[in-house]
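The following blocks contain the structures, represented as C-alpha cells.
Two complexes follow with chain A in common, the first pairing it with chain B and the second with chain C.
On to the complex of A and B.
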C-alpha cells in the first residue's frame, strides 16, 4: 500500500518537473528575445541600455545556468513580479482565485447535486419521459458549444431584455470589502465544531455538512449582504450556463451507470433477500452506480481554481482564466508561468486525492 | 403436503414486438422436506422457473401466468404467488423461500463487506440492531463452515475464494430457515473439488432446518446426489418426471436417455464423447410437433406433426412421448 502511494507521489513529481521545464522554455520559444517584456519604454535603437537590462536580469548567462536559476526560484516559490500589474505574481493571482471559485464552486455543486438527482430518476424510470428528455438534451448540449450559448444568452438576457448584467463580477470594481480575520475566525470555529460533533456522534455526515455550512456562515459574517447579493446577481448568468451542460453530463453519467448496475447479479441477490425496493436502490444500486462519478468529479475539481477561460472572457469575469489570457496578451510571462504551474499542481493534487477517495469507495481498487 | 404447487406455468418475455415463450405450461410440486431437481440444457427455462417462484422477474419484459401457483408458508397459510404485490413478496423472501445462485463471484455486492450483506437479512426481516445482527451473521458463518468468521465478516467479496463466497450465499439464503430453498446451479461456477463440499453443505442445511429443496441443474451427477424426484425439462416443457432412481436407471423419454448416454463411463474406453445431434432449437423457432423431434433418433411422422401431451404412466411417472420405451429401444 505504501509502495503504491510512493509510486504515485514520485510520478506526480515527475509530471510537475516536466511542466516546470516547459514553463521555462515557453517564453524563449514565444519571443525572439526572452527579455522583450523587460524593455518596456526602451526605444529599439537604445542597444546599450537594452544590453544593460539583459545583463541585469541574467539573460546573458548560459541557458543551463538560467534554467537552474529558474528551478531554484520555483523551488523557493519566488515567481517574481508581474510587469503589467507592477505587483508580486502571488498577490495578483490570489486576488483572482476567489473570483474564479465563486463561479466554479457554485456551478459544480449545483451541477453535481441536480445531475445525480436527475440521473437517478432517469435511470430508475428508463424510457419514460424524464429519460427521453435527458437523452435529447445531452444531444443538444453536445451539439451547442457552451461559449456560443453564453454569447447568445448575453445578447438575449443582458442586452435585449436587460435582466442580467453583461459583464464583471460586481457593479463597481472587483474588490470585496471583506473582513478577513472575521472570516477565518468563523470558519475555524465552524470546522472545529463539526469535527467535535463527528468525534462525538461518529458520523461522517457531520463533516460533510458542517464544513460547507461553516464556510457559508463565514462568508455571510465577513462580507456585507449587499455585496453578496450584487455578486450573486452578476454570477447568475455564467453559472446558469455552465450548470446547464454540467447537470446534463452528470445526469447522463449517473443514468448510464444506474442502468448498468441494475442489471448486475448482486442486485438480484439483494432483491432475493427480501429487501425493500428503496433499500436495494440506495444501498446496493446507488453505491455502485456512483463510482464512475467520483473519477469525473475529481477531474473537474482540477478546474475549480483554474476557472473557465471562455466563460470568464465572455462575461469579463475577473478570474484566473481571464488573468491567464491577459498575461499572455501582455507578454507578462512571469505571471503566465506561475498560473500554468498552479494549474498543473492543482490537477496533480486533485488526481491524487481522487485516487485516495476512490479507494475508499471501491475496495477492489487496491494496488494497480 | 406440498410446499410449492404450480400448475400450467407459462412465462413469456417480450422482445421488441415479439414474445419468447420461455416456459410453456409446466406443472411442478415440491413436497414438505422433499428434494426436487429440474434438469435440462441451458435455455430450457429452468432458471426462469426458479426466479418465478420468488417472483423476481420484472414485468415487462416478463409475463407470467399459471392456473395455480401456491406456496404454503411455515404457519400453513397458502399464498397465491401470482396475486402477491411486490411489498407482500418482501416478507416471503428469505423468511419463507430463499435462493442460492449460480456464480458466487457476481452475486455478492463488491463494495459491501460480507458482514454488511449478511446483516441486512436480520436487520430488515427481524428488525435487529446492527450489533445484534452481526452476532447472528457470525453465528451463521460458523454454521456454514467458514473459518475465522469475525475476520471474514470485515472483508470484501473479492478477498474470498469462490467456495467461501458460495458458503456466504448459502448462509445468507438459509439464515432465516426458509421453508423452500431454490438452488440455481449452485456448483456450476466452482472447482470440481469444492463442488462436493458445497452439495454436502446444502444437504446438511436442508436437513437441519427442515427445508424443501428445489435444485436447478444441468448436471446429472448433482441430481443423483441431491434429489428425490426429478423433472427433465426441454424447450420450456417438462418431458419426463419420476423418482431419481427411475429416471437415471431406466429413462423412458428419448431426450433423457440421450442425456444419460452423454455421460462418459468409467469402464469402457471411448474415442469420442457421445453427443446429442444438433442444437436446442431457438426459442422463437421451435419445431411444429414434438420439440425434440429434430434431434430424436426415434422420431416418426406423428412426432413431427403433433406435440405429444404429458402421458401419465402411473406411480408419479410422466413422459411426454407417444411411444412406450420397449417399442422405442427396439427401433
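On to the complex of A and C.
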C-alpha cells in the first residue's frame, strides 16, 4: 500500500515538473521577446533602455541559467508581479478565486444532489418514462454547447423579460463588504466543534456535515445579508445553466452504475436472503452505485477553483477563467504561468484525495 | 490492369455496402441526412447565397430577418446565413481532421503500448497519466497564443486529446492479445508490425470508427467554444465567432435569429455525427447485433442453438446435454425444478 502511494506522489511531482517546464518554455515560444511585459512605458526606439531592462531581469543569460532561476523562483513561491494589474500575482489570483467558487461550488452541490436523485429514479425503473427522458436529454445536451444555451437564456431572461441581471457578480457600483476576521473566527469555531463532536460520537458524519455548515455560518456571519442576496441574484442564471447539464451527466452516471450493480452477485444474495425489495434497493444497490461518483466528483473538484471560462465570459463574472483569458489576451504571462501552475497543483491534490477516499469507501480496491 | 480495376471495383462495392448498412440503420439514417445537409451547405456555400463574407453595408446593418436576408444581417450589414454557411466549412474541417488525427494517433499508440513490450508501454502510459492530470482547458488557452491559425488548433487538440482513445484501444487490445488467432499469426512468423496492422487493427476497428465519429462531434463543440472566447483563427469565419458578435449587439436589438441559428447549426452537425457514431457501434460490434439477424436467416433461435451444440466436438455428450438444458430449454427446466 505504501509503495502505491509513493509511486502516486512521485508521478504527481513529475506532472508538476512538466507543467513548470511548459510554463517556462511556452512564453519563450509565444513571444518573440519574452521581456516584452517588462517594457511598460518604454518607447520602441529606446533600445539602450530596453537592453538595460533585459539585462536587469536576466533575459540575457543562457537559457539553462534562466530555467534554473525560474525553478528557484517557483520553489520559493515567488511568481512576480502581474504587468497588467500592476499588483502581485498572488493578490490578483486570490481576489478572483472566491468569485469562481461562488459559481462552481453552488452549481456542483445542486447538480450532485439532484443528479443522484434523478439517476436513482431512472436506474430503479429502467425503460420507464424518467429513464427514457434521461437518455434522450443526455443525447441532446451533449450535442448542444452549453455556452449557446447560456446565450439564449441571457437573451430570454435578461433582455426580453428582464428577470435576471446579465453581467457582473454584483449590481454596478457595489462592492462586497466582508469581515475577514469574523469569517475566520466563526469558521474555526465551527470546524473545532465538529471535530470535537466527531471524537465524542465517533461518527464521520459529524465532519461531513459540520464543515459545510460552519462554512455557511461563517459566510452569513461575515457578509451582510443584502450582499449575499445580491450575489445570489446575479449568480442565479449562470448556476442554472451549469446545473442543467450537470444534473443530467451525474444522473446518467448514477443510472448506469445502478444498472451495473443490479447485476452483481451480492444483490442476488441479498434478494435470496429474502430482504425486502426496498432494503435491497437503498442499502445494497444504491450505496454501491454511488462509488463511481466519487471519482467523478474528485475530478470536477479540480475545476472548482478554475471556474468555467465560457460561463464567466458570457456573464462577465470576475472569476479565474476570465482572469486567465485576460492574461492570455494581454500577454501577461507571469499571471498565466501562475494560474496554470495553481490549476495543476489543485488537480494533482484532488486526484490524490480522490484516490484516498475511494480506498476508504471501497475496500475491494487494493494495491494496483 | 484488369486486376487493378477489379480491386477498385470490389473496394467500391464494399464501401457502398457499408454506406447502405448505415443508411438502413434508423439512427445512421438520421445522422447521414443531417451531416449530408451540412456538408452540402459547406461545399456549395458560394452558390447557395448571393452575398460574400466581405459585403459591408453599414446602412443595412442589424436588419431583422427578411426575404432578402433570411436570418438578418450583423452590425456591418453582412448576411448571417452566409456567415453560417461559410462557418460550416471551418467547423467541419477542424472537427473531422481532429477526429481522424486523434483516432489514428490514439489507436497507434494504444496498440503499441499494449503489444510492443514493456519499455514502450511504460513510456506511453506515463505520458497518458500526465496528460490526464494536466488541466487541459487552461493549457489550450495558453498554447493557442502560439499561433492563431486553425492548423495550430488542430495540432493542439490532437496533442491533448489522443490519450482517451489510446486508453480505450489499449484495454481492448489487451483483452484480445492472447487469443488464438494472434498466437497463430505469431507462430507462422508474422512480424509485430504486420500483426499490428493486419490482425489487431481490424479487430479494434469498430471501436476506432465509432470513436472517430464521436470525437469529431466533440471537437466541433470544443472549436466553437474556443473561437467563442476569442482564441480561434481571426481570418476565417466560424460559428463561435458569429455568436461572439451576436452577444455584442443582437441582445439589445432583439435579433433572435442571429443568436439561435449558429447554435442550431452546431446542434445539427454534432447530433448528426453522434448518431452516425452510435449507428456504427451497433453495426460493427457483433455483440450489439439485434436478434432480428438470426431470424432473418430463416433459423429459429432454438434450432440455431441445436446446430451450435452439434458442432461442439470438444465436450462430452453429457456436458452438451447440460448446456443444452441450460440455454435452450431454460424456461422449462425452471418449471421442472419448481414442481
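In this section, the second predicted complex is superposed on the first by the 365 of 368 C-alpha atoms of A that agree within 3 Å, B and C clash if a C-alpha of one lies under 4 Å from a C-alpha of the other, contacts with A are read in each partner's own complex, and residues count from 1 in each chain.
To be clear about the criterion, a contact is a pair of C-beta atoms (placed from the backbone, for glycine too) under 8 Å apart; a residue touches a chain by one contact, two chains touch by 3 or more.
Quick caveat: nothing in here was measured; it's all calculated off a predicted structure.
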Which superposed partner A:155 touches (first chain B, second chain C, both, neither): second
First, second, both or neither for A:363, with chain B first and chain C second: first
Partner chain(s) touched by A:19 [first = chain B, second = chain C, both, neither]: second
First (chain B), second (chain C), both or neither touched by A:313: second
Touch count on chain A, higher of chain B and chain C: C
Which of chain B and chain C A:110 touches, first, second, both or neither: neither
First (chain B), second (chain C), both or neither touched by A:223: neither
Touching partner for A:275 - first (chain B), second (chain C), both, neither: first
First, second, both or neither for A:328, with chain B first and chain C second: second
Chain B residues touching chain A - in the complex, by the definition given at the top: 54, 56, 86-87, 89-95, 98-99, 101, 103, 106-112, 120-121, 124-125, 156, 158, 169, 172-173
Complex contact set, residues of chain A against chain C: 11-12, 14-15, 18-19, 22, 26, 29-30, 139-140, 142-145, 147-149, 151-152, 154-155, 158-160, 166, 302, 306, 309-310, 313-314, 324-325, 328-329, 331, 336, 339-340, 343-344, 347-348, 351
Interfacial residue positions of chain C with respect to chain A in the complex: 126, 129-130, 133-135, 137-139, 141-146, 217, 221, 224-225, 228-231, 243, 246-247, 250-252, 254, 256, 259-260, 262-263, 266-267, 270-271, 274
Chain B contact footprint on chain A (complex, rising order): 264-266, 268-277, 279, 283-284, 287-288, 291, 361-364
